[in-house]
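You will see chain A twice below: alongside chain B first, and alongside chain C after that.
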Partner chain A sequence: MSDMNQQMTARYKNNFLKEIEEQAEMGDWVKMCMQCGVCSGSCPTNFHSAWDHPPQELFMMIRAGKRDEVLESGSMWNCVSCYNCYVRCPRKVPITHIMHGLAEYAYRLGKAPKQQPTQFLSKTFWDNATKTGRVNEVKLTQTLYFKNGLMDGIKQAMAMQSVALGLVKAKRLNPMEAVGGGHKCKDIKGIHAMLAKARELEAQRKGRAA
Partner chain B sequence: MARKEYAFYPGCSSQKGASASNYLTSVESMCKTLDVKMTEIPDWNCCGASISYAESGELPRLVMNARNFALAEQNLPGQDIVATCAACWLGSRESKERLEHSSVLMADTNTALKEAGLNLKVIPEVRHMVEVLIEDLGYDELAKPVKKPLDGMKFAGYVGCQTNRPFGIAGESFENPMYLDKLVESVGGTATQFDQKVTCCGGALAFSEPDKAQAQIKDIIEAAYDSGAEMLVTPCPLCQANTEVYQGQINKKYGTKFNMPVLYYSQLMTLAYGGTAKEAALDGNVIKARKLEEFAAK
Partner chain C sequence: MTSVVATNQTILVVGGGISGMTAALEAAETGKQVVLVEKNPYLGGRTVQLYRYFPKMCHPTCGLEINLRRLKANPRIQVLTMAEVTGISGAKGDYSVSVKLAPRFVNENCTACGECNKAATTEIDDAFNYNLGKVKAAYLPNDMAYPQRYVIDPSVVGTAEGQAIKAACKYSAVDLDMKEEVVTLNAGAIVWATGWQPYDAAKITPYRYGEFKNVITNVEFERLADPHGPTGGKILRPSDGKEARNVAFIQCAGSRDENHLRHCSRFCCMASLKQTRYVDEAFGADGKSTIYYIDIRAIDRFEDFYQQVQANPNVSFVKSKVARITEDKNGDPRLWGVNTEGYIRYAEPHDLVVLAVGMEPSVKNVAIPIEVLGDSSGFVMADPANGGIFGAGCATNALDVNRAVQSATAAALGAVQVVSKVARGEA
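After this line comes the complex of A and B, so read on.
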C-alpha cells in the first residue's frame, strides 16, 4: 500500500463519502446524485460497453463505502470530456469533473489500474505541456507510441504512418520538433517555479503528504 | 484603428507546423477582412486541456490558465481574451469561473503566480472566436464582405462538444445549436440536416484508445454523408483532426469508403470573402477539398 493510501485510510476510516468529498475534485457534489441514470444514457463511450460502472453507479458505490471497487475501477478513465452528462444532469451535478477528480485521486493513491492508456496519456500530455509551457506534438506522439518498448513502438508508428505522412505533407506535423525544434515559452523557469508552488499548496490544503 | 480589438490566445495546436496551423492562417485572413485586430498574449502557455486532469490536479491547472489571464491583463488591459481552440476556451473559462467563485483558490493562485513575477486582480472575459463573430459583429455584418457566395455547396455543420458544452454560445441549445449552420448560410453555403452535429469525436481517446474513438468518428462521417453533405465544417481543432485524419484507418477497419474533407468555418469565410486557397490554408487539409480549391481558383 502506498504511503498516501495508508495515510488516507487511517484518516477517513470507513467514511469513504467524506474522503471523496474532501479529496476528489468536485467530490462534494456526489451526494446530490438521485440515481436517474441520464448520465449513463448520455455517455458516448458507454455505447461500447467501456464502463464497468457508469457514473450513477460509481456515486452509489461511494455512498456505500466500496472504496477499493471505486478507486480500482477503470470506468472513469473512459471519460472523453464531452460534457454530455454534465449539461443533462437534472441535479446539475458536474459529472465530467467528478470523473476526472475520481481518476486523479485513484492515481495519486496508486490504486488506479496499471497500464491504463488514458492515464498514461494524461501524464504524458501534462509533462509535455509544462516542460516548455507549450505542447510539442511530435514528442507527445513519440512518447505514446514507444511506451511499451522499441519494437511495439515501431509497429504502432508503422500502423500510423499514412496518418503521419498526410499531416507532414499538409505542414501540420513538423518532424524537426523531435530534435530540439518546437515551440516554447520564454519564461520556462517562472512557469516551473509557479507550478511547484501550486503543487505544494494543493497538497497542503488537502492534507496530503507532499 | 481596427473595428474590434482582442487579446488573442491561439493555443498550442495553432502554432506553425502544428496540427491546426491551417486554422490560424484562415482565422488571420478572415479577421483581416472583418477588420478585427487580434494581438497575441505575450508568452502565453498551454491551458492543460481536459486530458491533463490526472497528472495536473486542480490548482496547477488553474495556475497555468491564470498566468495567461495575468499576462493579458498586464499587456492588453481591457481587452477580452479570444481563443480559437475549443479546449483553450473551455479550460480558460472554467478556470475563470472557479477562481471567481473561490477566494481560497484565488489566493493560492496568486501565491503561485508570484513565483513567476505575476499578479492577478481582474480576470478578463474569455470568449471563443465564434462568439466574437456572432455577438460582436452579427450574421449580417459577416455576410457583407461576401464576394463569392458558396452557392450550391453542402456542408454538415459539426459543432462537436467543447464549443457547445458546458458553456456553449448564448441563446443556443446544447442538443441542436444552429449557429454553425447560420455561419455557413451567411456566406452562401447550404447546411445539411446533420443528426450527429453534437456527437463527441472521442477527444483525447483518439490517441489512447483509438478503437473507441474511431467507432464514434465513423458514426459522425456516416451521418454527414447521409445528410447529403459534401464536406464537414467545424469550429474545433481536435474535432477537425480526429474526423479528418483517421478516415483512412476507419475505411480499412470497417470497409467504408470515406473521403470527406473537413474544414474550419474560417476557411469557408475566407474563401467567400474572395480569399485565395493559400489564404484559406486549403493546403493544410489532409483530405483535399478539391471543390473548394477549384472554387478559389475561379
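After this line comes the complex of A and C, so read on.
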C-alpha cells in the first residue's frame, strides 16, 4: 500500500463518498447523480467491453463505499472527453471532469490498473510537457511506440509512416527534435516554480502531506 | 363596444381553464361579482383538450358540464372570451385593469347552426388539436365550446369568402366590422389562473421532436386517442397513418432537468400510465406500451393505478432516461440508452414515441403586468407582497386537474376575503 493510500484510508475510514468529495477533482458532484443513466446511454465508448462500469454505476459504487472496485477500475480511463454526458446530464453533473478526477486520484494512490494504455499516455505526455514547457512530439511518439519493445515499436512506426510524413510536410512535426532537448519555453525555471506552487496549493486544499 | 360592470368589489379572474372557472364559480356562489377573462374563444382551457382524466378515466365533458351549468345559472359572472389582460395598476382593494378584446366577428345572435362553416373554404391550423389537423376559417373551436358560438378567422375578413360566410348566416350573427378593443375595468382582487403550456419538446435536441414525425408529445397523444380528435380516436402515427401498436413513452422529457425545467411536473407519470390504457383499449394484446422512466411518481393515492398498469402484461417499464432517438428507414423511431437495472444497453425500435413533456407556466410571473412573486420556474408564489393578487391552479405549480381545483378554491377564498374587507370599508 502506498503512503498516500494508507494516509487516506486512515483518514476517511469507511466514508468513501466523503473521500471522493474532498480528494478527487469535482468529486463533490457525485452525490447529485439521480441514476437516470443518460450518461452511459450517451457514451460513445460504452459500446466497448472495456467500460465495465458506466458513470452512473461508478457514482453508485462510490456511495456504496466500494473503494477498491472503483479505484482499481479501468472504466474512467476509457473516457474520451466527448462531453456528451456532461451536456445531457439533467443535474449538470460534470461527469467528464469527474472521470478524469477519479482516474487521477486512483493514480496518485497507486491503485490504478498498471497496464492501462491511457494512463501510460497521460504520464508520458505530462513528463514530456513539463520537462521543457513544450511538448516534444518526436520523443512523445517514440516513447509511446516503443513501450512494448523495439520490434513492436518499429512495426507501429512503419504503420504510421505516411501520417508522420504528412505532419513533417505541413511543418507540424520537426524530425530534428529527436536530437538534443528540442524546442523549449523561455523560462523553464518559472514553469517549474509554477507547477511546484500549484502542487503545494492542491496539497493545502486537500489536506495532504506536501 | 363591450360593456363590463365592475367595481372595486369585483373579483377579476384571469384565465378560464378548470382553475379559473372554479375560482370564478366559488367566488360568485358566495355572492361576489366576478369578471372571468379568457384568451381562447372558449372556456375550459387544457382540460377540454384531454381525452380522459386519471384516475377514474372519465371524460372532461362530464366535469366541465357541471361547471358550465353552474356558470350559466349564475348572473354574477361576466365572461369575456378572446380577451387578454394587458395592464394592471393600483393596489389591493383597488385595481384598474386593461383588457384587450380580439374580434370574434360573430355576435350573440349565433345559434351554432354551422352554415358559416359550410360557406368557408380556407383551412387553418386546428389549434384545439395542437395543429394536428385543419379547420375551416369559420369554426366552432370544439364540440362543447362555451360560449357555443362560431369564430371567424381574421384571414378571411375583407375577402369574397368573408362575404360568402356573412351571407350564409341566417341570423345576422356575422359582423365583419368588429374591431379589436380595449376595455378598462376595476377590481378589488385578482385571481391569476393563466395555467400551463407543454414544454417546447424541440428544445430537447437528442429526441428530434419536430424533425421525426413519429415523435409526438403527450398532449398530442390525447388528441389522437380522442374520438373528436383529428384521427377520430384511432391511434395512427403521423408519418404514414399506420396503427401505432408499439408505443414508447419517455418520462421526464424536459422536467427534472437543469437544462430545461428544473421542477418535477408531477402529472406526466400518471398521464403516461393513463395513456397506456388508451393503447390497451385500442389494440388489446396486440398493443404494446413501454415506459422509459427515471422513477415513477404516481403521486399521492394513485399508487394503485400504477400497480394496475404494472400488472398489465402488455406494458413494460424500462428504468432509463433515453439518451437519444434515431429514425429507421421505415419511419420507426429507435430509442438508444442504457437500462440502469442491470446496465443493459438497448436500441429499441417503436411505432410511435410519446414524449411526456412537462408543464411550464403559460404566463411566467415576470410577464404579469404588475409585480408578482414567482419561483425559479416562473410559477406564482403565495406571498402577502402580492397584495390582492392570488395565483390559482397551474399558474402556481405543476398540478393535475384535481389539485388545480383545490388550489383555485383556495385562491377564491383569498380574493373573497379582500373584497369583503373592501365592502366593509376596511381595505
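Throughout what follows, the second predicted complex is superposed on the first by the 202 of 210 C-alpha atoms of A that agree within 3 Å, B and C clash if a C-alpha of one lies under 4 Å from a C-alpha of the other, contacts with A are read in each partner's own complex, and residues count from 1 in each chain.
We adopt the following convention: contacts are C-beta pairs under 8 Å (C-beta built on N, C-alpha and C of every residue); 3 or more make two chains touch, one makes a residue touch a chain.
From a predicted model like this one, the values you see are computed outputs, not experimental measurements.
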With both structures lined up on chain A, is it a clash or a fit for chain B and chain C? fit
Let me test your reading of the model: by the given contact rule, A:Cys36 touches which partner, first (chain B), second (chain C), both or neither? second
Three-chain overlay: angle at chain A's Cα centre between chain B and chain C, nearest 10 degrees, stands at 70
Taking the superposition as given, does A:Met4 touch the first partner, chain B, the second, chain C, both, or neither? neither
Classify the contacts of A:Cys185 with the two partner chains as first (chain B alone), second (chain C alone), both, or neither. first
According to the stated criteria, A:Ala157 is in contact with first (chain B), second (chain C), both, or neither; which is it? neither
Touching A:Pro90, do we find chain B (first), chain C (second), both, or neither? second
Partner touching more residues of chain A, whether chain B or chain C: B
According to the stated criteria, A:Met61 is in contact with first (chain B), second (chain C), both, or neither; which is it? neither
Least C-alpha distance (whole Å) that remains between chain C and chain B when both complexes are overlaid: 6
Overlap of the chain B and chain C footprints on chain A, listed as residue numbers: 47, 88
Listed in rising order, the residues of chain A that touch chain B in the complex are 25, 44-45, 47-48, 50, 78, 80-84, 86-88, 96, 100-101, 103-104, 107, 112, 117-123, 125-127, 129-130, 133-135, 137, 141, 144, 162-163, 166-167, 169-174, 176-177, 181, 183, 185-187, 190-191, 193-199, 201-202, 205
What residues on chain C touch chain A, complex-wise? 206, 252, 256-260, 294, 319-324, 336-340, 343, 345
Using the touch definition up top, name the residues of chain B that touch chain A in the complex. 12-13, 15-22, 43-46, 48-60, 62-64, 67, 104, 108-109, 111-118, 161-162, 165-166, 174, 199-200, 202-205, 207-209, 212-213, 215-216, 245-246, 248-249, 283-286
Taking the touch rule as given, give the residues of chain A at its contact with chain C in the complex, in rising order. 34-38, 40-42, 46-47, 54, 56-57, 88-92
